[in-house]
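Next up, some structures in structure tokens.
What follows is a pair of complexes built around chain A, which joins chain B in one and chain C in the other.
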Partner chain A sequence: MTAHGDTHEHHEPGLQHQFEDMNQQEESVSIAMWAFLAQEIMFFGGLFTAYLVFRWRFPMAFAAGSNHLDPFWGGLNTLVLIVSSLTMALTVYYAQKGNRTLQVAMIVLTMLFGSVFLGVKAIEYTDKYNHGLVPVTGWNKKVKEDTSAPHVTEQDCTQVGHGDGDDHYVNPKGEFQWKDCSLVKLAQEKNYLTADEKIGYFTNGEIDADKFRDKVRLFYFIYFVMTGLHALHMIIGLGVMLWLLWKAWIGTYGPKYYAPVEISGLYWHFVDIVWIFLFPLLYLLGRHFLH
Partner chain B sequence: MSDNHAEHEEHIGIPGYIVIFLILVVGTIFTYFSSFWDLDSIFPGANTLLALAIAFTKMMFVILYFMHVRWSSKTIWLAAVASFFWLLIMFAFTMQDYFTRVSGVFSA
Partner chain C sequence: MQDVSAISGNSIPADEPKLNYINNGHTLKSWLLTKDHKRIALMYLLSVSAFFLMGGIYAAFIRLELLTPASDLLETATYNKVFTQHGILMVFFFLIPAIPAILGNFLLPLMIGAKDLALPRINLLSLYIYWIGGIITLWALMKGGVDTGWTFYTPYSTTFSNSYVMAVGIGVFINGFSSILTGLNFIVSIHTMRAPGMTWFRLPLFVWAHYATSLVMILGTPVVAITILLVAIERFARIGIFDPAIGGDPILFQHLFWFYSHPAVYIMILPGMGVISEVIAGFSRKRIFGYEFVAFSSIAIAVFGFLVWGHHMFVSGQSVFAGLVFSFLTMVVAVPSAIKTFNWVATMYKGSISYDTPMLYAIGFLGLFLVGGLTGLFLGSIGLTVHLTDTYFIVAHFHYVMVGGQVIAYLAGIHYWWPKMTGRMYSEFWGKVSAMLVFVGFNLTFFPQFILGYMGMPRRYASYPEELQVLNIFSTAGASVLGIGLLMPVVYLIHSLFYGKKAADNPWMHPGLEWRTSSPPPTENFKEMPVVTWEAYDFGEESGLDIEEARRREAVTV
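What follows is the complex of A and B.
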């Protein structure tokens, strides 16, 4: 591909006119995608920073909130995303090979696993909603009495009255529901409490359920914003994959031109990486206190 | 040049991708079960550190192999490393503030 500068008529399909050749185009496109991913890292990084600050200040509230998340669903979703990352990598592989059939099949599989992820997420959000763990006052009005859940039964905290016994719903004001202070007790015995926690969970030396609840609510706020933003990225990713599916179906990509597949793959893997960190940081805190 | 290109894009092939995938699966399962161990006897927070170390390892495999950075140009290496360097600056500068607010007027 040396001195073809004068005979530009035989452009490769997909080569934009501002590029010398397909290599240069692919390189430029990848760098642009990485620049985009760098700002995505900063975007999520702000939330990770918020997480870092508040977990450093209130580790036990984070552990308590995390223990109510189900690591089975979180772990399953991690595996689902890893499988989708594999099928995405294979999509790029088959696009480079020019194998249209397998490329389309891999895109469909990737979209399938992405949808499974969102379905599991919906199950989890529903469970949090049913337990009154949406960190917005007024959004938890439909919480019903559930004696099987440990955090609703009376534990180590002083009970705070929510409505009266006649009410069908236990939470008519829609307040965030959290009554389990057992981890604070445990941390107090083990002398684990940080300086912030000694102020933040106690009133006059007694464990204050309301103050602790507000710190757990912080965890759930961060949980919903981070997983919600991640889920939004998944939805956008599914849209990108739908477009990719169409382009692959009409046979756009081959060994010479596959940059869109490559950068869609970069995006998909990035979203996977975010979840790789969200899973241990949100689901697996302080599990050794319970088991 | 285009021949060289085609060969260069071969990367690790399907068996290689499967191996990376299996490493990621093992890492996930290991993360899950290691969270039940009580590592506080080593030092409080050791569980989190272990979980993050596994997550970081998994991330490196995804970035290097699934995202092809291992075979990418130096410019892409630079973009990838720089983004995490900026992230580190954000964490470090934020936390050096919070770490030094243990007590006093600006404390909790």
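What follows is the complex of A and C.
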């Protein structure tokens, strides 16, 4: 609790009218950010729940979908974000020290890493688009370009290997593309299938490529919603950093006043941490099925 | 103790108009860009009332349709839209914001002795978000509306409904952030903005109740937000996350929805409980019985409220074991509500009770909330609920808690603080008449519905068997009385703005901080930073609250 006691006017930079002193203002803003982050956890929590529920039911579809994400790009992005967390932490440090030059430099670096992250995401999204893996009807390069393609694959879907992008299978519904059911076959042989999978992938005891595809599509749906919302948070983060950059440039922050830097940092770290969970869940789980 | 004359309410307001928050700036801009919590509260009052009126019109159509057994007034498809839109407007745009965003916004800073909420700009932002969400929803209703029920159950909402589910979903999604921001602001303010001497256990219980509400708002709302967003995306991209036909799971939707919406029913009652604590203590002129119990029961409700969502899903195919656990936890969550009710009654015991309008409403609340809560227990017991679920019994249950509880508490609060908000007194006579009419009309409307439900009349149908007509006629007749009772305050409160007697600073002679500033308060709330040296609900005569003495003085000066 903060004392209101003294009544004389303050002229500290950035003190807003409703507060009595800087202490009270900083405490308020910091509690606000923590409460906001609690809210964010619940927001992403709903999505993580959906992910867990469906991964629990359809592990093979999720493994198959996951194996088509590129862990190189995902790993690179993880690295980039971890480094950006470091530069963010250094931003706060230099703000406290009142070192304007290094503070500005660190903000620029943080923004740079943030942009690299978004750039890599853009590359990945484009790649998914080119391979017909965007789970939205009509958002599919292959179907748009290749209208003459055969409407059903000639091959048995369990015979098709992993990851070859040049196959000509076209989803008869014209949307999400998927033809590789080899993992189902494998799981069936080794008796891995969950109860839901035994119903979810088969028609009359036969592997049903369309039914399996719908489950993989679900994985990509969750992938796009989660990473998309995460990217949106990154973009907002970059906006915040731009504002910080300007404020730091005109020399607002010093040992006495650096709360905005600190709470922007909290936000930035939070967005990083979300990615730290997304990366293994989306890219890594299920990779051992590749071998 | 405080300087007696400073808080004595009966100084006659000076003749020349003082600068207060209402007349401090007259331009439209001074309202639309204000950061003053009191002005924001008034703008909320207007907007929320508009939504209440719209929801009420839909309700009128529902009751008219149900006057006769056949579905004659409305087509069945239209009827679906009417009850859906009634529910959506009432729940998301009236009931959730009503007390927190209007009374909470206005009073919280006054009660804790602050100049404003901690984040005034965020507060204004929340109002704009509310407007944007509201406008999108209204636009969707104009275009054709929704017919999924306020619960948006899948797969109906994802696959089979050809109405504007996505637009309304987005409206509700956006609106959710308005209550998240309000909750955030309250939590921060209660932590950091309390005046010197205003310790946690000197806070009025209204503030405790809002703290608990805010917890639910920031932890629950994001979950329903993301759920409704998923429904919208699912409709757009046709992906089976909730639709079983393409591999989705409709029960997952229900889990996510009720994970928020059960706690949300506490967003819709906790603030009301806060109001009732103030009114009952005030008009019994007694310190509330068991202050700590009432305070912590609010927190307990907020916490346990997150653990009982499964009681909405007893018949949806969750496992028997889950059903048992949820049934047990439902009984547990009723305990804190019962504690509060006992404490209110104990507060009145040997109190010096006066039956002013707010108190009449509050006493009505006690009776109605009791019935609502107890029937909740019926519904929470795993055997009985199978018979009662999706019947009019449910409809009666939640109207007893939502209307009998929250709406009546809201009215109690509006009447109680009206003099402070506007500086005017309303007609006590008409106030009492409306309180009585609302109570009688309400019971006449909803009590028959318990019986109807028990007899098996399902909810959400436009027609019903002939033998149920008598009770339905009662219900519709009651609704008319209730409607008149609810419209009356609109008339006499607006009348009071122009012709009402000027209100004293402390018309009820109550000790809360909000009564120790002028009516209406100045923009900065208090001339000087208050220093709190007394306990909450300190009606001691040495605080200058000797009401007999005050009346004598008033008689002399008038």
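The rule is short, and it goes like this: the second predicted complex is superposed on the first by the 243 of 291 C-alpha atoms of A that agree within 3 Å, B and C clash if a C-alpha of one lies under 4 Å from a C-alpha of the other, contacts with A are read in each partner's own complex, and residues count from 1 in each chain.
Please note the rule applied: contacts are C-beta pairs under 8 Å (C-beta built on N, C-alpha and C of every residue); 3 or more make two chains touch, one makes a residue touch a chain.
As the structure is a prediction and not an experimental result, all values here were calculated from the model.
Colleague: Have a look at where A:96 lands relative to chain B and chain C in the superposition and call it first, second, both or neither.
Modeller: first
Colleague: Which partner does A:288 contact after superposing on A: first (chain B), second (chain C), both, neither?
Modeller: So A:288 only meets chain B here.
Colleague: First (chain B), second (chain C), both or neither: which does A:195 touch?
Modeller: first
Colleague: Is A:27 touching the first partner chain B, the second partner chain C, both, or neither of them?
Modeller: In the superposition, A:27 contacts both chain B and chain C.
Colleague: Once the structures are superposed on A, label A:35 by its partner contacts, choosing first (chain B), second (chain C), both or neither.
Modeller: Both partners, chain B and chain C.
Colleague: Identify the partner contact of A:49: answer first if only chain B is touched, second if only chain C is, both if each is, neither if none is.
Modeller: A:49 sits against chain B and chain C alike.
Colleague: What is the contact status of A:86 with respect to chain B (first) and chain C (second): first, second, both, or neither?
Modeller: Touch status of A:86: first partner only.
Colleague: Of the two partner chains, chain B (first) and chain C (second), which one does A:272 touch, if any: first, second, both, or neither?
Modeller: first
Colleague: Could you let me know whether more residues of chain A are touched by chain B or by chain C?
Modeller: The partner making contact with more of chain A's residues is B.
Colleague: Applying the document's definition of touch, where does A:71 land relative to chain B and chain C: first, second, both, or neither?
Modeller: In the superposed model, A:71 contacts chain B only, not chain C.
Colleague: Do chain B and chain C land on any of the same chain A residues, and which?
Modeller: Dual-contact residues (chain A): 1, 27, 31, 35, 38, 42, 45-46, 49, 53, 57, 200.
Colleague: Provide the residue numbers of chain B that touch chain A in the complex, in ascending order.
Modeller: So the residues of chain B in touch with chain A come to 1-2, 5-6, 9, 11, 13-14, 17-18, 20-21, 24-25, 28-29, 31-32, 35-40, 44-45, 47-48, 51-52, 54-55, 58-59, 62-63, 65-68, 72-73, 75-76, 79-80, 82-84, 86-87, 90-91, 94-95, 98, 102-103, 107-108.
Colleague: Under the touch definition given earlier, write down the residues of chain A that touch chain B in their complex.
Modeller: Those in contact with chain B are residues 1, 21-23, 27, 30-31, 34-35, 37-38, 41-42, 45-46, 48-49, 52-53, 56-57, 59, 71, 75, 78-79, 82-83, 85-86, 88-90, 92-93, 96, 192, 195-196, 199-200, 255-256, 262, 265-266, 269-270, 272-273, 276-277, 279-281, 284-288, 291.
Colleague: Please output the residues of chain C touching chain A within their complex, sorted ascending.
Modeller: Those residues of chain C that touch chain A are 113-120, 122, 180, 184-185, 187-189, 191-196, 199, 218-223, 225-227, 230, 233, 236-241, 246-249, 252, 255-256, 528-529.
Colleague: Tell me, which parts of chain A touch chain C in their complex?
Modeller: Against chain C, chain A makes touches at 1-5, 7, 16-20, 24, 27-28, 31-32, 35-36, 38-40, 42-47, 49-50, 53-54, 57-58, 135-137, 175, 200, 211, 214-215, 217-218, 221-222, 225.
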